[in-house]
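Order of writing sets the chain letters: A, B, C, D and E. Residues in each chain are counted from 1.
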Amino acid sequence: MNVMGLMNYWAFIFLMMVGFYILISQGNLVKKIVGLNVFQTSVFILYISMGKIRGGTAPILTEGDPIYSNPLPHVLILTAIVVGVATTALGLSLVVRIHEAYGTVEEDDIHDLDLAVAGGEDQSFPVSGMDARA
Amino acid sequence: MLAITALALVRLRNLFAVAMLAGIYSLLSAGLFTTLDAVDVAFTEAAVGAGISTILVLGTLALVGHEQKKARRSSVIPLVVVVLTGSILVYGTLDMPPYGDPANPAHHHVAPHYLEESEHEIGIPNVVTSVLASYRGYDTLGETTVIFTAMVGVLLLMGGLRKRENSGETDAETRESEDASGSGPVPTHGGSGTDPPKADGKKTHGEGDAHGG
Amino acid sequence: MEDRLILRVGAKILIPFILMFALYVQFHGDYGPGGGFQAGLIFASAFILYALIFGLDTAKRVLPLGFVWFCGALGVWIFAGVGVVTLVMGGEFLNYDVLAHEPEHGQELGILLVELGVLTTVFGVMVAMFYAFAGRRQVR
Amino acid sequence: MSPALTLGVAVVLPIVGALIILALGKWPNARDAAGIITAGVLFALVLRLVEPIRAGLRPEYPVLEVLPGVSLSLKLEPLGLVFALVASFLWIVTALYSVGYMRGHHEKNQTRFFAFFALAISGAMGVAFAGNLFTLFAFYEAITLCTFPLVTHHGTPEAKRAGRVYLGILLSTSIGFQLLAIIWTWQLAGTLDFRDGGILAGTASNGVLSVLLILFVFGAGKAAVMPFHRWLPAAMVAPTPVSALLHAVAVVKVGVFTILKVSVYVFGVDLLGTLASTMWLAWVAATTIILGSLVAFTKDNLKARLAYSTISQLSYIVLGALLANEMGIIGGGMHIAMHAFGKITLFFAAGAVLVCAHEKDISRMHGLGRTMPITFGAFFVGALSIIGVPPAGGAWSKWFLGMGTLEAGQVGLLVVLMVSSLLSLVYLLEVPVRAFFSAPPEDAHRGDGIHEAPWPVLVAMVITAVATLALFLYPGPLYELMNMVVN
Amino acid sequence: MTAHLPVLQVIIPLLAAPLCALARRGRIAWGIALATSWTTFWIAIQLLARVRSEGPISYALGGWAAPVGIEYRIDLLSAFVLVIVTGIGAVVTPYALKSVEREIEAAKIPLFYAAFVLCLTGLLGITVTGDVFNVFVFLEISSLSAYALIGLGQDRRALTAAFQYLIMGSIGATFIVIGIGMMYVMTGSLNMADLSVLLAELGPNRTIVVAFGFLTVGISLKLALFPLHLWLPNAYTYAPSTVTAFIAATATKVAVYMLLRFFFTIFGVVFSFDVMQLDRVLLPLALIAIVTMSLVAIFQTNVKRMLAYSSVAQIGYMILGISLASVTGLTGGILHLFNHALIKGSLFMAMGCVMYRVGSVEIDAMRGLGKKMPWTMAAFVAGGLSLIGVPLTVGFISKWYLILGALERGWWPVAALILAASLMAVVYIWRVVEVAYFQEGPGEDSSIVEAPLALLIPTWVLVFANFYFGIDATFTTEVAGAAARSLMGLVP
């Protein structure tokens, strides 16, 4: 097992997890979105690193340079980036509307307000147990 | 660098700083993409992550305020989840082909076809564009639709299409909405407190704050 | 904001260059990095710059929301329309080979058109989103 | 009309009747006439099926295939015919009675009442002619749902509570046990058809089949085998014709009928006799017989007393099925009819007392016999049949049941039957005795308002009472049909 | 043109969405949406007929044969799901007209239909595609439009519900992307058929195991598998009536379809169940979902929320069918996809009728509605009976197969639990029935009358379907059975 060959992946996984942590631990809705961005960007890095070939160049065909990196991950990630920004925009517009409706973008406060109005049940965003099966 | 930026994001509570740092994170990763030979991706990430996303976040912050409260919740459970997920991922990499190895299976199935055939099948040098627009053009159509969906969604939620076009002027607003609906006045939206009273006194436009930030 | 002269003049000089760059990115996408999406973004950012400096209302007079909105929808139609044309011309959906006599030319034409569609949508959507966020008054 | 088609028509006819009743809602006379006419036509139809059965025909009417191999189909066989004859005949009488009762009692929502009544009969016909377990289950559930609005007819909190118990127990047993048993049967036997000699023999071990039998017996919640009997007394809040229908015709008989049918055509008498749980269940039924009678003793409310009496009597039939011999099956099948006639007479009488004298409690019925002689006379006849003494029909079925216990070598069970009969003798005859031989209580203001019940009520009551007596004198056809079941 | 039906299935709504968005009046947009939904329904039926007679259809997009290009591949299962999704769309769209006019601002209605049609596009795209990354793209189309649609609810909690859904949905989508990436790095392919061959050659290894895990969790988030269902109750409760009816009847179904695709087609039965022992994880979760969520549903005061929890329980049934890993169980699970779409569609549409007239779906608001809105409440009762699983309704059919599947494996306690949960359904449905039929409404509020026919007719169409496919289930069982057999790798 070539540990050195995997170190890069592990670094990117660390970044992913930091983003994931921001996403699920922060109560501020804007920060959640930022966390989502960081999470997704790091996943993109992981993807792109999968397509890298040592000593390769960008997959733009030129004369006499035979080793190109794998173009397919690039294409996938281009699409994924666009999807990511679409999600971000929609999420942020929801945040703005939530702010108008509740006067706050803190999850805890929103939760309190909902409880006060409806006596409803727990509406927090627990994500625990998510990967019990991974 | 990326790691430091990311970790700083966790701790920072000034959201403007968070937004800027997130932009920096994107820029840094764009740089990384370049070194990984993904120039197109780098270009896009720079434009999207450091550009559009940051503008959107700043625009939002201008509307919702930029101080984050200290959370009441415990951060232990998320931490456990994250560590667990991360370890599983690391476990998953153990059988992954090593980084940068040309012998990886990923490089020997479909990718060679793109690299070798696209020149005479498509006839343009940028293989990424060939794949994007032709081999996997349908994905790109989907991507375009996603963007379009986002616009539909944002305008649906923010109501920016015809309402509030001339912000603050109520008569204009009614005129606009009549024009839009064509069937009498717009029913009041929302039941239990969806629309709080508009504070007309403060006419700060979003772009002003975004610019200032 | 209207009195920041340097900004206004600077922007007026800058914006044409940005637009040209966008076109370059669009048409150079076949040879180097770039393409419809990136070009659309740059187009949009040029215009957003304009809106930031000259004010949202001015911007909306130049490009009304209805128009950018139409662009967003139009791009999807261009892209999918190319696909429908290829269908009608007897190929599979998005098989550009049938667009011209030689497959290669067909491919080039097809890619050009769909990239144009992407550009149109991305431009329209980005500006529309900017309008939506910027046009919102702050509450409280 | 071919016999097979007649089966289908018999099921559909009451539904059509229900629609007609709904349509005629604004004209009460026409509506009630339509109800009675439908009932009459239905009985005539069912009666036409006797000849084919005697000729040895077993016509089938496959309606449609619901799942591959599982179909909705009707099939004529003697046991079902007995049940169908009883149900359709008593529907005429009950319909007649209801007219008088509902009007005399000034009930609301009469149209709804009669419509659901007709639907319930349709369900009963479906159960009677079911060609397989699936069909039986479908109609079984249909009856539960159609009678729910009847039980909660008054809409009072008490009625609602009763409705909850009713639905709760009937659905939990049918879905929880019966459905499980049916699917299990399908898995074991690969078919759900009712066949002579059963379908389960040799498909699984004795233990598994024993469990299956338990599921079937308790799954037929309508048979009110303890501990799933609570719904029956609870349902007493319903108007009396409903009680008559529930306790004599449709609902409870559907339950015991299901058990009989499953015993004969799914397990088969031979297999049943070898199962470990059969005798155990027989003793559960015996316990229900005794306990039901004992509880009936303690009830002062007449309808409640009759309800517990029903619980006790139903277990006679369950016991008959579980004796797993010819005599037991014949006795059980005959008891369906005998008990139906006897008990409906009792309920009719109880309803008449309620309508005319506004009395519910037995302790307040002293002396009523003098003003309402026909009513209490009919009650007396009904009681005789339930007790099982000549000259009422109940004597025959009890005779065969007794023979069955002896054939099975269970003297203990015979003793149970005897004791229970003695108990019922006391708690049932108390009513007419008080009514005829005691002086009215001091505080009762009798005399002016009280008279004999309205004529439709009286006619209905007399018909059933006479029929009860007739069944003693001419049990032949009934016996003949039941004999066909076992041979 | 018939050769192009697979792609037209997706492209027609995709082209219709911008048109809807540009329409100046709500009714025009509605007309476009209606035409679209009926056309797609027609196409789906054609496709199902073709798949049944000729076997799976493959369509190479752009003329590039798989695995180089993207392939559309329609087999019996996908054709069946297409019929479900488009069928519900075809019924919900006519219903939407009045309901949406009541609940959504007039100016937003064209956009509403655009988002609605986009959601349909996304769901159809997921179902027909044979390419794993394409699944992700169309998943996002359907998800983003769903977030926006849910956020349109009248209550402000709709916004937080939509946001919650967005966060959890995006986590799910990102997990799916990670899983796809890991599969790609091990095989170099994105085509499903290709992947299944390559993965089988490769045999199990740690990367594939983790990829499998991430895909499972990601899809489970989307389909609201317990305990990842937390977004669902709020989303269903506060979304506009039409949206709830549509999404409840289709979105989770398509997610279950994805799960089936990944487990059975790509990874294969052997890997999913013998190597990964997936059933050991899914079965307990499904059972817990069935029991606890049914219990929770009993204690809800908002009927839409009650039905939402019931949906989580019903998803448990589908997962149970999958985890039985037998033809019978799988048939039950696939049947329940179809049947539950009909059941929940009719129930939520009935609630939409109540919302239209009463303005609330709290259980207290339903007092006396049995008399005031007899057809609406009758539809609710009919749908409820189907949910309970009364014979001759579709609910019975799926329960039949699930119980049979459980008994075949000798798991009779599982069978007993399924039945116990049916009884819980009796309880929560009956709470509504009692309130509607046995309690008097507050005063003589004459404004509450029967819902307009434009709402009632589509509702009753679904109710009718509930009974039709419950009485004659030979067609659905045959299709579901054949689909199950081919998923299990047996010749259909």
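Everything below uses one rule, namely that contacts are C-beta pairs under 8 Å (C-beta built on N, C-alpha and C of every residue); 3 or more make two chains touch, one makes a residue touch a chain.
On a predicted model such as this, the values are computed, not experimentally measured, just so you know.
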{"item": "Chain C to chain D, fewest steps along touching chains", "value": "2"}
{"item": "Pair of chains ranked first by number of touching C-beta pairs", "value": "A-B"}
{"item": "Taking each chain's C-alpha mean as its centre, the one farthest from chain D", "value": "C"}
{"item": "Centre-to-centre distance between chain E and chain B (centres being mean Cα positions), rounded to whole Å", "value": "28"}
{"item": "Length of the line joining the C-alpha centres of chain C and chain E, rounded to whole Å", "value": "36"}
{"item": "Chain A and chain B, separation of their C-alpha mean positions in angstrom", "value": "9"}
{"item": "Chain centre separation in whole Å, for chain C relative to chain A (CA means)", "value": "26"}
{"item": "Overlap residues in chain D, where contacts from two or more other chains coincide", "value": "none"}
{"item": "Shared-contact residues (touching 2 or more other chains) in chain C", "value": "31-33, 37, 69, 72-73, 76, 80, 83, 93-94, 96, 129, 132-133, 136, 139-140"}
{"item": "Sequence positions of chain A contacting 2 or more other chains", "value": "20, 24, 50, 58, 60, 72-73, 76, 78-79, 82-83, 86-87, 89-90, 92-97, 99-101, 103, 126-127, 130-131, 134"}
{"item": "Inter-chain touch pairs (all)", "value": "A-B, A-C, A-E, B-C, B-E, C-E, D-E"}
{"item": "Chain D-touching residues of chain E, taken from the complex the two chains share", "value": "385, 388-392, 397, 399-400, 403-404, 407-408, 412, 415-416, 419-420, 422-423, 426, 430, 434, 438, 470-474, 477-478, 481"}
{"item": "Touch list for chain A against partner chain E, complex", "value": "20, 23-24, 29, 32, 36, 39-40, 43, 46-47, 50, 72-73, 76, 79-80, 83, 86-87, 90-91, 94-95, 97-98, 101-102, 110, 114, 118, 120, 123, 125-127, 129-134"}
{"item": "Chain A contact footprint on chain C (complex, rising order)", "value": "31-33, 37, 129, 132-133, 136, 139-140"}
{"item": "Residues of chain B that touch chain A when the two form their complex", "value": "2-3, 6-7, 9-10, 15, 18-19, 22, 25-26, 29, 32-33, 36-41, 44-45, 48-49, 52-53, 56-57, 59-61, 63-65, 68-69, 71-73, 75, 77-86, 88-90, 93-94, 96-102, 104, 106-107, 110-111, 114-115, 118-119, 125-128, 131-132, 136, 139-140, 142-143, 146-147, 149-150, 153-154, 157-158, 192-196"}
{"item": "Touching residues (chain side chain D, partner chain E) in the complex", "value": "64-68, 70, 72, 134, 137-138, 141, 145, 152, 155, 160, 163-164, 167-168, 171-172, 175-176, 179-180, 183-184, 186-187"}
